[in-house]
Amino acid sequence: MKNYELKHLPDRTEKPRDFGLTMAMDKGLSLRETEDFIETSGEYVDVVKLGWATSFVTPKLKEKINLYKEAGLPVYFGGTLFEAFIIRNQFEDYLRVLDKYELSYAEVSDGSIDMNHDEKCEYINKLAQRATVLSEVGSKDDQKIIPPYKWIALMQKELDAGAWKVIGEARESGNVGLFRSTGEVRSGLVEEILTKIPSEKILWEAPQKAQQVWFIKLLGANVNLGNIAPNEIIPLETIRLGLRGDTFMHFLDMEKIGK
Amino acid sequence: MKNYELKHLPDRTEKPRDFGLTMAMDKGLSLRETEDFIETSGEYVDVVKLGWATSFVTPKLKEKINLYKEAGLPVYFGGTLFEAFIIRNQFEDYLRVLDKYELSYAEVSDGSIDMNHDEKCEYINKLAQRATVLSEVGSKDDQKIIPPYKWIALMQKELDAGAWKVIGEARESGNVGLFRSTGEVRSGLVEEILTKIPSEKILWEAPQKAQQVWFIKLLGANVNLGNIAPNEIIPLETIRLGLRGDTFMHFLDMEKIGK
Amino acid sequence: MKNYELKHLPDRTEKPRDFGLTMAMDKGLSLRETEDFIETSGEYVDVVKLGWATSFVTPKLKEKINLYKEAGLPVYFGGTLFEAFIIRNQFEDYLRVLDKYELSYAEVSDGSIDMNHDEKCEYINKLAQRATVLSEVGSKDDQKIIPPYKWIALMQKELDAGAWKVIGEARESGNVGLFRSTGEVRSGLVEEILTKIPSEKILWEAPQKAQQVWFIKLLGANVNLGNIAPNEIIPLETIRLGLRGDTFMHFLDMEKIGK
């Protein structure tokens, strides 16, 4: 969508995107709200997460997933749901749920449980044979600080195990994992990760505007960002394009413009 | 709603509930938004408050109330509206408004005005003869600190006067009454109240997620919680069921699961 | 809308208003959400801003603008869009966009760019010949502090150049311009401005509730307020009328009521 002509905008990748991804978090939209969301933002969203285990209690789940599918938007269940099945020894049941809802994307995470990393990679490997897997690194517990070298090792092993993308944890609120409890980015952590893992392979959870701005300034218009609330997708797209105050001058080359 | 089978979930009371209540706050939904809200969350909501005096300026009020009623959801006007009539010497007019909208629930509060407590209990008593009464304790003024023994005395007298439940004040924002200005729970206050007043008789206003988590950890899946925003009802239900990171391990007995 | 009778309410101006204005910020509503918004709040809103440059990426833009127009609500594009055209030397293109969408309101601002003030006033003057102009004073950069005497000089010159109202900058978040980074009002600044510029000529951006309350207590029910989120219009109207806790006692004369 470009309603009129503006010059000197940063290049934006187009769908189907392998980078420049936007992952939206739906935590319980109604069917009509889902349609509305697709109308305004379907073009800018690449994949939709049904946050944590909200799919367990959301009415008309199948219909909702179908609305997204018809709009070309893949859907997956939040990693907390995967963990809820695992801790109950119900992995086979989890696979049946993926089948029932015909989901071709899945998330593997260990943000709320302790899991041996080899075991986690086995799950990634198994699921990768039937679905596109996103695997998440980082704890939801703000007391568990993982040092940078370990983030890198975990991410690399998960990619090797078959993950399509690795996700940097932030939760809906944006105050754990990649971020301090204030929401501030752990910038040293991010920069060290990027020395070893290609930016294109990472989906950064960044629910807060200041976090989105930080990543876009560091990595450009086409950084992969996730956990974006439905009504923040259009605002995010303007930030990516340098059309909101926060990144307004960032992409402009004044010499080229002739000013 | 349970879209698939997960073992070892906490027991949740079912409708019509006397405890485990969720009270939602509607501060101006349109008719279509009301329908959407009922679709996603009607099963998890027990009673709907039209926040403070928003009913005065909300268009299509009668139609909205009817939508809720048809879905089996009782509606009541926020306590601030009661107070707005009282301070203007218009109690009789207030009764006529309840009649006009055929409301069978009502709230009595004194969060914004000074009222003799015997007078408040008389209003509770009068209204209890025609409606199910929720009475609220706690000031909206963050400078007025009520000591715990007094919270207990007020609550007991209001229950004795005929209140169905007593509400612990928090406002839409969750930063007065039960909570410090930062939103942190006055935990000593809550624990002292609970030594005298049964948990089932109290509806705790807890608009913020951390507040909901705190009460659920203290009092279980079926604590009565209120002032929940419409789009936070599904998230709250997952917290009650131990299906969000915050309470994920809380209800699990690892020995029972065999892990 | 007044669903029932309450005495002793402050007088509220009625549409079409020249003061007591409420400006809402739409940052990407769908068509159906726009209809819902008009249903609940159309009566209380005087003008709608399509926030910053969201109009560039919003689907069905023409249809949305038409919905607002049919409801008697003028629409304008946020000032950041004006600036995006100016910095690219595309002012003529900007005029063509206003024509294409048949907009009779326009905003002129320099919150994200450096612009000579005479040049800004020229743009105001040019645009005022074809549209009702709102011009904005204040930077989006929280490091750029403008002293009060300069706010006054800028505002006066912009009114002289043809602006219908001058806007005090706050952004969507309410933490720059008129406000400290904490959201607190720069009260000395506001009071000094008001010694020279009539309150009726200023539209104060005040997205946060505490900011709205502050202005209403200082300037009354009919202060012009802007950057109000669509779902905060009804709450704001209750604050204006003294029907929310924050302003509950503010407009009441207890002697007159006879209490």
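Observations on the model:
Order of writing sets the chain letters: A, B and C. Residues in each chain are counted from 1.
Here, a contact is a pair of C-beta atoms (placed from the backbone, for glycine too) under 8 Å apart; a residue touches a chain by one contact, two chains touch by 3 or more.
The shown structure was predicted, so the numbers you read here are calculated from the model rather than taken from an experiment.
Both copies, chain B and chain C, contribute mostly unmatched positions to the interface they share, with under half of the numbers common to the two. Superposition of chain A on chain B using C-alpha atoms only gives a rotation of 120 degrees, nearest 5.
Once the centre of each chain is set as its mean CA position, chain B and chain C turn out to be 34 Å apart.
The set of chain B residues that touch two or more partner chains comprises 32.
For chain C in complex with chain B, the residues that touch the partner chain are 1-8, 32, 35-37, 39-41, 43-44, 209, 231, 233-235, 237-238, 241, 243-245, 248-249, 252, 257-259. Only residues 27-33, 51-61, 80-81, 83-85, 87-90, 93, 96-97, 100, 111-113, 140, 171, 173 of chain A touch chain B when the two sit together in their complex.
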